[in-house]
């Protein structure tokens, strides 16, 4: 029996060391960029947007001659937007000796991963995680190419205060990081402007029945409602509000700005207000990219496609400017320069956030289209 | 054969009813309108194939059964081997080998494998803890993840508000989870098995919802970050020591290598698992452990022998919860960040699946199952789409074919020889 | 009448609407439990499948140009009841029958596996995105003053009440008057004895699953039309709530399931109407735990005698 076990063990060890060795055979000329996001899991469709944008950027940059003579190479890592897998992915990235990461997508998986990246000297640019906590911890190597939750709140709040001018506002959220964060920011903005917020309440994401909440909205006499969360819940709230005869305007963050909301809410979606980043795919300067995406039958419209493109590009430009692929030097270059990307001219502040990232207020229509109300 | 024709036809029709509409037609949202899309010829062929298979299977059922009986039974483990395995010395040797392998292994592999192994060990710990409740005491606990969450949040909150270290946190987390187990168990353990299952499920959900809603205390859905990593007798595993502390590499005069920390976490997890194994094995040989199993087998008989079922169940529940608390604390330390979304029902289901797959009550089985359940998704990423589907199917099939699990529990026993 | 009265009425109506669908699903749990003493954890998924079939049928009928509402509803009800019945039957045949008579935990674990399997089967076949359908039934009744707060009762809510009532009546008639119904009750009393008396208990057990599944399909059709949105994950929570309702009313008792469902629906509506929607689920589970603590057999249930 001893023998059997020893043999099995030695075989096992041989296999694992082989697996270890194979990862060491990298091409020396390539600069690897890890693309970390959900390939599987419930939010895989957002991960798709991220990979689409990032891969396009890598290809475009390589076609234009690469960076400092080296080619970029994207390596996809799947974290399924699960915090515990994200840590495993971060360790794998360290293991493979990759020093640049574009990702992660979800704030809750980005946060534990950044601890490892900062510690190991890996530069990370997230194109999608919007929680303010990610850049609040004084990390040097963490950047993002998307606006923060805390930016979207004030934009919406200001618009409500200055343009809508309601008397009483209900603020509702879905008790998730994204929704509650924005809803809290909106409430703060409103109460500071002296607008009464009689209802501030959370619902359960995935719930279908909001009739009791709507009755409460009707009774409290609010004349405007803000919802922090995603489109499935707001769609149902709009639909059931219309059913119960509650005809006040609703407003939501970019998470509700999805054509599905018109399918769910039907006519009740008409006139809904939503804050969205500028639609980069409608920018004439990006027409050639949109063409390239279409050629490959990829959809350029997702909210994370262009920020992911920009994330890869700032890394490439940073390496070029620093003249080295040392992440610390690249981080310095990112902080001290301005980058011309498909999402506009980008500059980073001390924390690693974009200096200005504008959200635009749109009016939504029942057929899923939208018109911009602000610049 | 003709006798089977009617049932065979009926089964074939049932298969078509089951899959025809649900799989043959796909609802799809195009723009704002709902459209029906035919799933294509291949799906229709598959459905027809399945129906035909079921039809033939049922038609030749008797013949198949006869054939099946003719197939010689799987060779049993050779007598020599089983005698060897039954000998306590061999048993001990085997465990020694396993532990030695676990100790040597990290030096031979790379960082991400060690990290993955750490994750496996967390699940081993959880599996072993739940095994006490489900496998040994026979109480189906569907809210085990609640105690895991309590452990993780206890450490995270204590570290955030009072700045305590990992080791104190570990004790506190275990104690807190035990307290929760005791408080929750006290009222509900009088309930019968399946009521208990649903009530514990409810508790697990309540704990998660409360953690999510008490934003002022727990930071709600934003989670808690910057949870300190464990240290070894006051030595930190970081590049630069924080104030008044010393780092591991400075103390031993070696160059800093971040793999040390990953390895340290692994050894720590291994230590916790071994501790868990040790405690459980001791308990099993004590009256309380015997009482658990007796209770699982026959509650009425236990009662008539003077065992207080509620007290014994409460024991099992509390001790099981304690180990979840330890695991939770370690999880929080490994992650450095926790949020309520890590503690959903599906996590409970996975831990339960580990216990069931391994064989209820069997510790080696739990370890094996934890390795399988954690590594499978890593190895078979391309099948990820089907992972949960197969996982569900596996649970059903396991219950039908091998309810005792992969490695059923063996307990030391004497047999009368004639 | 003052505002608060109509507000209370509104919340009561909302609660009863949801509650009556909980009751429909809860009957499936309670009947199965009454006969073989196991929790059919996959029952919630049967409800979800019922919703999907309803959507498919409604979309298909609309494509064919049928616009008459009663025809649409009856068509959706019939087809989805047939399909879910097949599911109920097959689930019992495949996942539970081979396990009968063993340890009680084993069928429960098998049921959890079945639930995960069905959920993912639908996810793979139909995608995990929300599927939405336009409102088929519009408008409703206003109760109360034209100014100030008035309660509204939509026509869809009325349809839910009426269909639930019809289904319940039919079920009661079937259970109390028909031969098969009598056999069902006999099985619930004593399965072995009934078998000895020459009744095919296997068929009766299968029938219980089929009836439960058909009622879940009714709930699936009604709720699918009421909310207009479905996804593969709606079964889990609905099943959990319905099970809670069944236990609340006393598992094994059909009137108990109805009472439990209505109570649970009202409790949820009152929580989100007067306190906070955040704590709706917490209240639902807390009610369950409290009832089990003080009346372990539920409101209308019989105390169980342990048999040796």
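Letters A, B and C mark the chains in the order given here, with residues in each chain numbered from 1 onward.
The definition used in the following text is that a contact is a pair of C-beta atoms (placed from the backbone, for glycine too) under 8 Å apart; a residue touches a chain by one contact, two chains touch by 3 or more.
The structure displayed is predicted, hence computed values, not measured ones.
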Chain occupying the middle, per Cα centroid: B
Top chain pair, ranked by number of contacting C-beta pairs: B-C
Distance from the mean Cα position of chain C to that of chain B, given in whole angstrom: 30
Intercentroid distance (Cα basis), chain C paired with chain A, Å: 38
Interface hub residues of chain A, defined as touching at least two other chains: 175, 202, 260, 263, 266
Touching two or more other chains - residue numbers and ranges from chain B: 29, 34, 213, 385
Shared-contact residues (touching 2 or more other chains) in chain C: 129-130, 132, 134, 278, 281
Residues of chain A touching chain C in the complex: 42, 175, 201-204, 206-213, 215-216, 218-219, 232, 235-236, 239, 243-245, 260, 263-264, 266
Residue ranges of chain A touching chain B (in the complex, touch as defined): 1-2, 5, 9, 13, 16-17, 19-20, 23, 39-40, 78, 82-84, 87-88, 91-92, 94-96, 108, 111-112, 115, 119-120, 131, 133, 137, 175-177, 180-181, 202, 259-260, 262-263, 266, 366-368
Interface residues, chain B side, partner chain C - complex: 14, 17-18, 21-23, 25-29, 34-36, 39, 134, 138, 140, 142, 187-188, 190-195, 197-199, 201-203, 205-206, 209-210, 213, 299-300, 345, 349, 352, 356, 360, 385-386, 388-389, 391-396, 398-400, 403
Contacting residues of chain C [partner chain B, same complex]: 37-39, 49, 52-53, 55-57, 59-60, 63, 79, 82-83, 86-87, 89-90, 94-95, 98-99, 102-110, 112-122, 124-127, 129-134, 236, 240, 243-244, 247, 278-279, 281-282, 285-286, 288-289, 292-293, 296, 304, 306, 308
Interface residues, chain B side, partner chain A - complex: 29, 31-34, 81, 84-85, 90, 93-94, 97, 101, 105, 108-113, 115-116, 119, 212-213, 215, 220-223, 225-226, 238-239, 258, 262, 331, 334-339, 341-342, 378, 381, 384-385, 387
